[in-house]
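You will see chain A twice below: alongside chain B first, and alongside chain C after that.
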Partner chain A sequence: MDRRTVILKKLLTRLMGFIAAMLLLSIIVFYIARLAPGDPLQSFYGDAVESMTTQELQEARKRLGLDAPNHIQYIRWITNAFHGEFGLSLKYKIPVMEVVSPLIGNTLILGGISYLVVFIFAILLAISCALFEDTLFDRIICKVGTAAYYIPAFWLGVVLVLIFSINLNWLPSSGAYDFGKSGDLLNRLEHLVLPLIVMVLSHLWYYAYMFRNKLLDEFRKDYIILAKTKGLKKVEIIVKHCLRNIAPTIISIMAISSPHILSGTYIAEAVFNYPGIGALSVESAKYHDYNLLMLLVLITGVLVIISSIIAQSINEMIDPMLKEQEAATWKKATKNSSSW
Partner chain B sequence: MIMEPILQLKNLSISFDTANGEVEAVRDVNLSLQKGEILAIVGESGCGKTVLGQSVLKLLPKNSRIKEGQIIVDGEDITNYKEKKMRNLRGPALSMVFQDPMTTLNPTIPIGKQITESILKHNKVSREEAKKIAIEMLHLVGIDDPVYRISLQPHFFSGGMRQRCVLAIALASNPKILFADEPTTSLDVTVQAKILDLLLDIRDKTGISIVFISHDLGVVARIADRVAVMYAGKVVEIGTAEEVFYDPCHPYTWGLLSALPSNTTEGENLRSIQGMPPVMMDPPPGDAFAVRNEYALKIDYEEMPPMFQISPTHFTATWLLDERAPKVEVPLSLKRSISI
Partner chain C sequence: MEESNEEQFIMVGANYKEHIPKEKIPSFSKRLKGKPIISVIVLAAIVLCCIFAGDLINHDPSSFYLKNLNEPPNSEFYFGTDSLGRDIYSMIWYGGRASIIIGILSMVIITVIGVTYGCISGTANAKIDAAMMRAVEILNSIPSLLLLLLLVSIIGKQDILKISFIIGVTGWFALARIVRSEVRQIRNYEYVLAARCMGANFLHVMYRHLIPNVVSAILFVVISSISTSMAMESTLSFLGLGLPIDVISWGSMLSLANRALLSNTWWVIIIPGVFLVITLLVITNIGNYFRKETNRRASNL
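Right, the complex of A and B next:
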């Protein structure tokens, strides 16, 4: 088997796995949403639903397609979904795509920037702690980091608003931008600062400490002593040898952490009233806005699964051992190894 | 004329501070190494031979300290050298080869890069030149097709080849003294012999001085010019290889030699030295070997024996050589094999 077919086959397996996972996810969420007690008509008609007759309710259900058995409803939904139709939002009464599209960018900006900042700082902190292992510096950073990590995000958010928005009046307390200034980059950045601080502080140490310990584990290995006999500095050994060797671990952790950080944005969005899909998904579940909920779940699912696929691909490039094993597996031309 | 030795240890004592107290790993060791000489240090596990080797490169853990004595490398007293100065010595002056080649190489970095790393660190050469030197080094240690293999990761190599690579790394920065810490212990016998021949060959070609640390007298007999026998952190007998192997004077050396399988006749059980080495937390006041020594005298339990000179190069620390001591013959079994 030449290399191209191997890659093609691998891609195909991953794609199939991806589709299967998405189908499974959509089925589970679809059923669970419908199992939850409550009436979606409540959110569609609001309080008017109280004064509607049974017959009117029946007709309304029929119009919205909520009268059919669940599996029929699912089949209808999935067929439409494949055509790019995700239906109407029951709460906003416009297509769900239109509800989500202006907000998703906000969440991606907040999530993406926090993600990068968290990991860049986590790696830098881990390296400096490993360098000064067991010195006062390392101990202080460890204690402060742990304390910061356990401050609840919602409380921290409120305190930050109190200090920086109300008392000092330096930064805005809510929203993603001031009214009519959606294109103003500086204005957007100003609004990002506080949510970002909350996001970073509530995630940073968890990863920094993990990486620090991984680095130190690596630093205890036998090959380090050989590196020392070459006359390398500790920082060179940690960066060139240890960090390189734990890179696959870091990347895997980064990949599986994307839902962790994404879910973090939900809290930050709620506290700072930041218009993003986090707040929206809480709302959609609350109001039984089935179509909106399904779309949001699918978007989150796609993000999570794609990031894990990316992680694995990068890992294979970095870690030759992984690649080797895989090559051996392919050579056997057996049924495909599990892809993720 | 006696040349200035390249390495001198004067009254060297090294201790480890542990939670249970001070462990005296090396006690009052005097050794010197001439240029181009191979000095073997032999002894049981835990006798301090590895600590002795690593102390010269200052690779010991933080809880160790040089309690007394001096380390002089090429006329330079390095006893109080700090990490920064040591880094400049590791490589150009001192280098080391370790026991387990499977773990001493960094598994993810190509061999070539691991060699050039130390060349680039200590010499002002370009990457291409460093690579050329690395290829030469691999050629020197007997790796076929080094131009191709330079870009391979360690897992492509067998144990013997990896040990050759470690040797190439150790030799790359052209050290004056090579510490070989049981370099053949984890290799099988045929590979062992080849690595030993290689070391001899390299010594002849480059004039490097080697401290060969081993517990295997068979291996030592093949390679060493001089042999130092260590017991409980002390050198108990030192002399040229001929002297130690054919005219051993210390009961411990007798024990070691008669424990060799080749010194046992057919049908006889393999001999061993009764008992265990002492715990170095609280070493006995007299000869540490006394409790295991069938020739022990009363004074052995009370007072440390001084070094008795047998020939200009042969010294032994045992009270048996004192003029007041009773005459003790070399054990019969050993005599038989020595006289062959």
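Right, the complex of A and C next:
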């Protein structure tokens, strides 16, 4: 049993956990959708349901697969899901995959860029705040940051639209691109500016404050004195030593932050009518479009779990302590295998 | 005998005076130092105005003045009217009632569930504890908005109670974790052991020992959960998933914001929003006061 098998085993257990979580999630969502009060027939046919005869209703139920008991419906759904068929959208009357697939990219772009921007700015802000600890600068940033974090994101978005796109007419207020300009990069960027500002403002301080406090704790350690006597400059100490020491913390925070940021993306999308899965899930919740909502929940789950797995792996690559643990387990494993 | 005894001890020193330390009564202003006075005053003002909304308003908040649609702030309608012709000034105070009630109700639900769950998980044996914490972790890893969307789509038409319930049910995960870790620390102390030896059951230990010790650690989270719940309510209402337009709250007033953008009527967006934001910030500021500040040594840097 060598090192590679240990890593492979680790990946496999993680994959198993991932699949189990997805199955559980899908069961929960499926039953919630079936227990919900809105009649799927109602949302599929609209008011036409009331004028249908009983026979027509039964046929309609059969066509939508609503006649079987719940667990059989679930098994049917999950076998179809493995073939990439997730049923019809009740609102759009086309397969949900077709509704969702063009929008995932948009959400990933918005979410990914804001994820990066938020963390880069958070680290920079944390360093500058920690460097000037307890000065006026630090205190003002702390107050402003807390305020920005607690202002509801949607209101911030609406106010920004009011100022920058309606009164000043600088930036577009909605959508991901102007009609017929989907390939125009500049146009896309223009549409990204306002949602990005909202995302950054409403998430930045939450993380910056955590990192700032971590850095401040780090400044109290003894190795700082040694570094200072060596003649390193403050900034050098922070970049070369402190930042490196808190890197695992930063990355593990980044790993668990993806649901938080994704949830923010949903609000930003809804405010700016940005065509992504967030705006779509708000809409599908409004119209009781459960097939669509289920797929969206599953996609969100996949996004969250994958990003946390990636962050965990990066964390292990960077943090020597974790590597040592891995080495220890490897040794243990080799020991065990020799005794077998 | 007594006199001679006293003579044995002779007071020395030229001007010996018994030193009686003056009892220092800190001045009123000193006592208030560092406390969030301005926040408390502002919050009290807003809450009082909302309670006595009936005496403040000059129009009926739920009637439609169809002749005065989208009127900017003027002497008759202090804060203008919205696109349905309702008087914003009167609605602010009535809406504040609903918003604050939702915040407090959700806070109560969050606290009850979070503290109970945390206490149970913290006092249970390792296996149950791990399972309970794992469940919270999974729930916490679903984006909170998605969880809310699911619940909203199940429950259907909203009112104040239902929306507080939804927000409360999805908001207790962080609190449960904090309570659990505090309880884990406390539960091994001798006095808890003594109480258990004397036959105290779980509820008694929780009520007499765990909760009083945990309070200081969770007060900040509990208070700021009022403001996060209020923000959540307004977000849901804005998305059209919260309170319907005829139940007046700051959130449902803001659900007209998209329409207001089209007609560029800033007062419909800014005024309820400013009231909401000020209330949120003030509550957060008060909560921050209760935050456990760890005493830091001087920086080595």
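As a working rule, the second predicted complex is superposed on the first by the 325 of 340 C-alpha atoms of A that agree within 3 Å, B and C clash if a C-alpha of one lies under 4 Å from a C-alpha of the other, contacts with A are read in each partner's own complex, and residues count from 1 in each chain.
What we mean here is this: a contact is a pair of C-beta atoms (placed from the backbone, for glycine too) under 8 Å apart; a residue touches a chain by one contact, two chains touch by 3 or more.
Computed from a predicted model, the values in this text were never measured in an experiment.
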Overlay on chain A: chain C relative to chain B, clash or fit: fit
Partner chain in contact with A:161 - chain B first, chain C second, else both or neither: second
Partner chain(s) touched by A:93 [first = chain B, second = chain C, both, neither]: neither
Superposed model, angle subtended at chain A by chain C and chain B (C-alpha, nearest 10 degrees): 70
Contacts of A:230 with chain B and chain C, given as first, second, both or neither: first
Contacts of A:245 with chain B and chain C, given as first, second, both or neither: first
More chain A residues in contact - chain B or chain C: C
First (chain B), second (chain C), both or neither touched by A:152: second
First, second, both or neither for A:139, with chain B first and chain C second: neither
Overlay on chain A, chain C to chain B nearest C-alpha distance, Å: 5
Touching both chain B and chain C, residues of chain A: 221-222, 225, 228
Touching residues (chain side chain B, partner chain A) in the complex: 57, 59, 87-92, 94-96, 98, 100, 103-109, 117-118, 121-122, 153, 155, 166, 169-170, 173
List of chain C residues in touch with chain A within their complex: 138, 140-146, 149-150, 152-156, 227, 231, 234-235, 238-241, 254, 257-258, 261, 264, 266, 269-270, 273, 276-277, 280-281, 284, 288, 296-297, 299-301
Contact footprint of chain C on chain A as seen in their complex: 21, 25, 29, 32, 35-38, 133, 146-147, 150-155, 158-159, 161-162, 166-167, 173, 216, 219-222, 224-225, 228, 234, 237-238, 256, 259-260, 262-263, 266-267, 270-271, 278, 281-282, 285-286, 288, 290, 293, 296-297, 300-301, 304-305, 308
Residue ranges of chain A in contact with chain B within the complex: 221-223, 225-233, 240-241, 244-245, 318-321, 324
